[in-house]
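There are two complexes below, and they share chain A, which is joined by chain B in the first and by chain C in the second.
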Partner chain A sequence: MKYVGKKIITMCLTLILVSFLVFLCFTVIPGDPALAKLGTEATPERVEALRKEMGLDRPFMVRYGDWLYSFVKGDMGESYSYGLPVKEMLADKVPITVTMSVMSILIIVAVSIPLGLYTAKHEGSVTDRVIYALNQVVMAVPAFFAGILITLLFGIVLKLFTPGGYISYNQSVAGFLGYMIFPSIAIALPKISMTVKLLRSGLIGEKKLDYTRTAYSRGNNTKGVLYKHVLKNAMLPIITFLGMTFTDIIAGSIIVEQVFGIPGMGRILLTSISNRDYPVVMAIIVCLAAAVIIINGLVDLVYQWIDPRIRLEGES
Partner chain B sequence: MLEVKNLNIEFHDHSLPETVVYRFNLSMEEGDIVGVVGESGSGKTMSALAICGLLSRRDMKKEGEILFGGKELLTCSRHEMRELQGDDIAIIFQEPMTSLNPVKTIGWQVEEALRIHTEMTKEERYERAIWALTEAELPNPEKVYHQYPHELSGGMRQRVMIAAAIVCRPRLLIADEPTTALDVTIQAEIIDLLLKLNREHKTAILFISHDLSLVRKLCRRVVVMQNGYIVEQGAVKQIFENPQQEYTKRLIASIPSCEEGKEDKDFSTEEVVLSAADIHVSYHSSHGVFGKKQEQKVLKGVSFALHKGEVLGLVGESGCGKSTLAKVIVGLNQKYEGQIGCAKGSVQMVFQDPYSSLNPRKTVGWIMEEPLKIKGGYAKEERRKKVLEMLQKVELEPEIADRYPRQLSGGQRQRVGIGLALMSEPKVLVADEPVSALDVTVQAQILKLLQKLKEEMGLAILFISHDLRVVYQLCDNIIIMKDGEIVERGTPQKIYTAHKHPYTGQLLKAAGIETVGTAAQA
Partner chain C sequence: MKKKHLKALLMIVLSLALTLTACSGKRQGESTESQITIGIPQDVEDSLDPHKAVAAGTEEVFFNMFEGLVKPDSDGNLNPAVASDYKVSEDEKIYTFTLREGVKFHDGSLVTVEDVKYSIERCADTSEGGPLVAAFSNIVSVNATDDKTIEIVLAEPDADFLASMDTAIIPASNTTPESVAIGTGPYKFVSHAPQESFVMEKFDEYWGEAAHIDKVTLKVCANTDSIVMNLNGGSIDMFSRLTATQVSQLNNNFEVLEGTMNLVQALYLNNGVEPFNNEKVRQALCYAIDKQYILDMTSDGHGTPVGTSMFPAFGKYYMPELADYYTKDVEKAKALLKEAGYPEGFSFTIKVPSNYTPHIETTQVIAEELKAINVDAKIELIEWETWLSDVYSGRKFEGTVIGLDASSLTASSMLLRFNSDSSKNFINYSNPEYDAAYARAVGTTNQEERTAAFKECQQILTETAANVYIQDMAEFVAINKKYAGYEFYPLYVQDYSKLYIVGEE
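For the complex of A and B:
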């Protein structure tokens, strides 16, 4: 318990640090939200007046402190460009991005673990070599390009879904999930090949260790050794990798959302950045950072649950 | 029970097939204890692995017959073999640290053979596992059952391996160098445990070892192997007292003996070349940003003086701080309290594993020239000449200078290691377990070399070892360390005949030299 408490405090501190750095970035990089809002109607006087109205003339630390204070209270501020509360703007976007990320990670786990086990068990066989070659190709395909290929194959040729015909979860949950599966596959594909490769080499490395010989000496067959002994050990680096992949997916979903025409967090982030709509950008970045930090925390917990050696260090 | 006839094992992984075991013959009765001795590469482990069916690489060929309880093991199906493994035939390995699965509990691993070979219920298995852990003399078996391998010491892990091996009450237990990785006092305990299991359960034991004194203590019959051949086999008494073959004689002669009387030499008039006064070292560790700091004392006030021409033996078991002391002396550990007195650059070190301490990508000549390059002031030809001279001193051929470390044998590498340390003409050599990784016959040669170099060059040597027999042969004075403190010091004669600290007695007993006292008095 004490360990978890410490972990949470560290996480919160990290989040505050991230938000501070992002806030600082937007102060340093050129671009004025007041100017962006006024657009063609901007005159120096009007910009000055709007800056005052928006509170941009106050010192940096005051603005940051103010933002942090309201954020902690649950108030994310108002969008400069739309005048809507940021919270409302994000409320229906977050579930879309989260669904897509979770679906892709499930696909990754469901496909790569059996494939990794299979290739490790049949090391050097024809199937192993074919999968290896396929892996090399798929790994080099970025998610957005995979997205284009999938749109072409499943959308236009096989007509399994209508490209660009996003179905909101308010309309039909089944339709929404059915549409989301394709971008999820696009995101998952390159990650699957990396996971398979990592798991295969991990399993093969573990198979050479002394404890597998001990396992054989007790009368285990190859399957028993692989599933009961080797897999859990070989999963340790995979879990770290999956954690990193998950955060990568959340950040990378922005581009895939564009390819498939999905109104998720990615689209709103892009428009907000070009409009200098700082309250929205800040909220999204802090949410992303929170997701990354929470996932890393969970990975640590899972890691400890699997590896008793780490458990001991955490407790002492 | 076990009958091995004309076993040949061949590897086909290179262009030419390589035979590692030739015409291996062995027969064992129920309750027998047979030792197989030989140096590395003699084929002893290969034969043992073949018997328990763990040699099944595709690139190897096995011929002959292995009959176990009337069943032919070489030709039977994998399935039939698996039914015997862990049930009737069990094996324990050399490396207790890595032979257990790190992410499974001890209980799970001990019960594994039961899950595979019996229909026992969970409660029955638990009971049987506790029985096995108790048989293996693990303190507090109920607690150990729920622990993980990393929470146990090497000795305890080897006991767990034994418990897991005997849980199905095997008829044959194969022990492949089970004590080599353990401290001497623990070695003796494991041997006693094996003897007890044999006595109480009539378990036959096939004991594979390079350590002749252990084989003599445990076994009734011995098989001596060299280069894949059986050189000689017979009853222990016959082999040790009346060996017939040249190789067996050589092997027995290279066991360091403590029975010859040794004269005490007085070095107090000689110049002190290295002194240590009240050395303290502690390690600090902390976990995470908020972690509590922990202090662990490794050395607690160690003092000694080494004189010119003296060989000082430093004896202790793993974790006693002897390697930390060596690091402090040669300057690899700067975080210490106390004083080290020695002339700058006068101390050089020889390491235990000569292979991993030599750069594999450079030739021996390049490696040995390096200290001269760093020192500067030598022309290229001069450096080469000095290297060749040194090779001659450590009794190596001059061609060795152009070879790479991997092309050398273990003994040759250790000679290079010694030569390298001597290149900068030190006054003191700190040798950290320099012969522990070597075969007995090679060990004897290296010790002889050190003795010779000491006399020729007037070196002082701090010889760190866990092996009291080796230390007795080589050293003029001995200090014994336990838990970071020196518990006893004196000449070999004094330590071996009239030791004061009980721990010294324990070490001597474990090394099987308790009789020296009486022999010297007689």
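For the complex of A and C:
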């Protein structure tokens, strides 16, 4: 319990630090939210009035303190450009990004674990070599580029989906999920190849250890040894990697969203940054940071479940 | 083992295929409702309050939902809208409007003189630092003389005042205009999902010629690279403000219309800093540049070269002859530089907002041309918000390439900014002769004198080479051949009510 408590305190401190740094960034970079909103029609009087309305005339620490206080109370403030409550705006967008991330993680797990097992089992075979070569190529392709290729191939040539024809989940859940498949694949592809490579080398490494030989000598067949003993041991680094991947996907989805024209958190984050709409930016970044931190925490917990030695070390 | 894998793979492929077919059947249920999906380059990044909206992208959309006492048409005339008639007193100080009978708001209530009075007074209110509509600072009082007549009294005569009477009329009873949009326009607001879509529906009780299409969905296409893909793929039916390159990539489902952007693109020079405080240097730059060459290089020759701060849509005020005032002459440019004390040339920085590709391309051609007279122009790309705060408000720049448009079709909306004491004079232009000519133009009620004085202003800007004027950029609108009826306006608005489906009209 002490371990969990400590973790939670560190998590909160990290979040506060992140929010403070982002807040600081916005005061340092050029551009004024009031001016950004009024554009070329701005007169000094109107800019001044709007700055006051937005509360920008107050000192930095007061503004930050005020923001933190309302945020803790659950009030994320109001968007400068839309005049809408930030919470309401994000409530529409979070499901999009979360769906995309979860779908890509599922694709990664569903494809890479069987592939990893297969290549490790048939080490050195022709299929193994082909997969190895493919892996090297796919790994080198960043998600956004994979996205462009996928749009070109499946969208324009094969016409399996309408590029940019995003369907909101309010309109049709099936249509929404259908549209999300290709972006999810684009995100998943490079990660799949990394996971396969990691799992394959992990399995092969474990296969050579003494306990594997012992397991075999006790009369287990290949399947039993591979699944019951070797896989479990080889999974530890994979879980770390998947945890990292998940956080990476959440952040990386911002770019893939642009490629596929998905109006998720990414697009709203980018436009809010350029509009200097920082109630929105702050909320999104803190949410993203929280997601990353929570996932890392969960990964730690899964570790303990798989390998109790870690918990013991943590408590000593 | 192998078989199991195959099975799993098959399952994945099957479920993929299933969801895909579900997705392709998106136009479920043939509805009788006609609709169009239009791509917009940026979202409506404002609240729904028409008086507080400032972004150009918002104003062009709100044009379909809100109306003023008068409304501009595609020829630039102001026609009575919520008012059926208006009278201007001889001294141009009293404007009397007669309310049109039976005009209804989107909530079904009738427009009353109180609503008009409320809307105008709300925009004239100075308690929050300056009126929402600049021209309204001139208003002394707004009086409802009877239940269909409203009288606006001005402190000073203003012949351009009518142009600002397109200010939206909203119901006084609406206490939350920022989240509830109620106007009198041909379309009414349905929903807005930030960065996603903005939906409007035809208003059945519109007083004028009703819109043809029942439902208009505006789809945000923030990624410029995907616009052509969206058009070709069929997820949007129309997009305005395409570039020549994008047009060339369209398939033949589209009709492409060409208009002008109604702005003045120029290399704006900070007249307040070295070396551009010297008129000869500015003129040398003008002589070094060939406008047509820029047009050829950046947009296959589309666009209209201009020579002053005014574009062709202004009709009687526009002086086409000024476009050729400076013709490219490298020797003359070099001689002028020598006279100004820069025989070896000089170097300076042009700041360009990084989100406007056409301006960046123009800048690159300019920089190339300036090399011929030994002027080294460095290009610095900056974010639009930084441009606003540093270049526009802070006036910390040497040169910048941008397009300036008009907020209304009045000569003053283009020319006011070059008065030496104007808060919008970001180029620090200071010329007593100009100030005098401008004062004469706005001070007179005689139309001819006015026009002559405004023309003199333009002439002065050209002669003193206030900026290196380039062009009014070409604008391309792509519209799916299923639809027609698009009209160009001399203002930054889009009129969706004129669009119709081919064959249904």
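The rule is simple: the second predicted complex is superposed on the first by the 305 of 316 C-alpha atoms of A that agree within 3 Å, B and C clash if a C-alpha of one lies under 4 Å from a C-alpha of the other, contacts with A are read in each partner's own complex, and residues count from 1 in each chain.
Going forward, a contact is a pair of C-beta atoms (placed from the backbone, for glycine too) under 8 Å apart; a residue touches a chain by one contact, two chains touch by 3 or more.
Keep in mind that this is a model prediction, so the values were computed, not measured.
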| item | value |
| --- | --- |
| Combined model on chain A where chain B meets chain C, clash or fit | fit |
| First, second, both or neither for A:44, with chain B first and chain C second | second |
| First, second, both or neither for A:306, with chain B first and chain C second | first |
| Partner chain(s) touched by A:168 [first = chain B, second = chain C, both, neither] | second |
| Touching partner for A:32 - first (chain B), second (chain C), both, neither | second |
| Partner chain in contact with A:233 - chain B first, chain C second, else both or neither | first |
| Chain B versus chain C as contact partner of A:218, first or second or both or neither | first |
| Dominant contact partner of chain A by residue count, chain C or chain B | C |
| Contacts of A:210 with chain B and chain C, given as first, second, both or neither | first |
| Which of chain B and chain C A:151 touches, first, second, both or neither | second |
| Chain C versus chain B - closest C-alpha approach in the superposed model, Å | 18 |
| Chain A positions touched by chain B in one structure and by chain C in the second | none |
| Touching residues (chain side chain A, partner chain B) in the complex | 6, 10, 209-211, 213-221, 224, 228-229, 232-233, 306-309, 312-314, 316 |
| Chain A partner contacts - residues on chain C that touch it in the complex | 1, 5, 8, 12, 16, 19-20, 22-26, 28, 42-43, 45-49, 54-56, 128-130, 134, 178-179, 193-197, 220-223, 226, 229-230, 232-236, 355, 383-386, 388-390, 392-393, 404, 407, 423-424 |
| Residues of chain B that touch chain A when the two form their complex | 52, 54, 78, 82-87, 90-91, 93, 95, 98-104, 112-113, 116-117, 148, 150-151, 161, 164, 287-290, 294 |
| Partner chain C, residues of chain A touching it in the complex | 30-32, 35-49, 52-53, 79, 81-84, 89, 92, 110-111, 114, 118, 151, 155-156, 160-168, 171-172, 174-175, 177-179, 181, 223, 258-259, 261, 263, 267-268, 270-271, 274-276 |
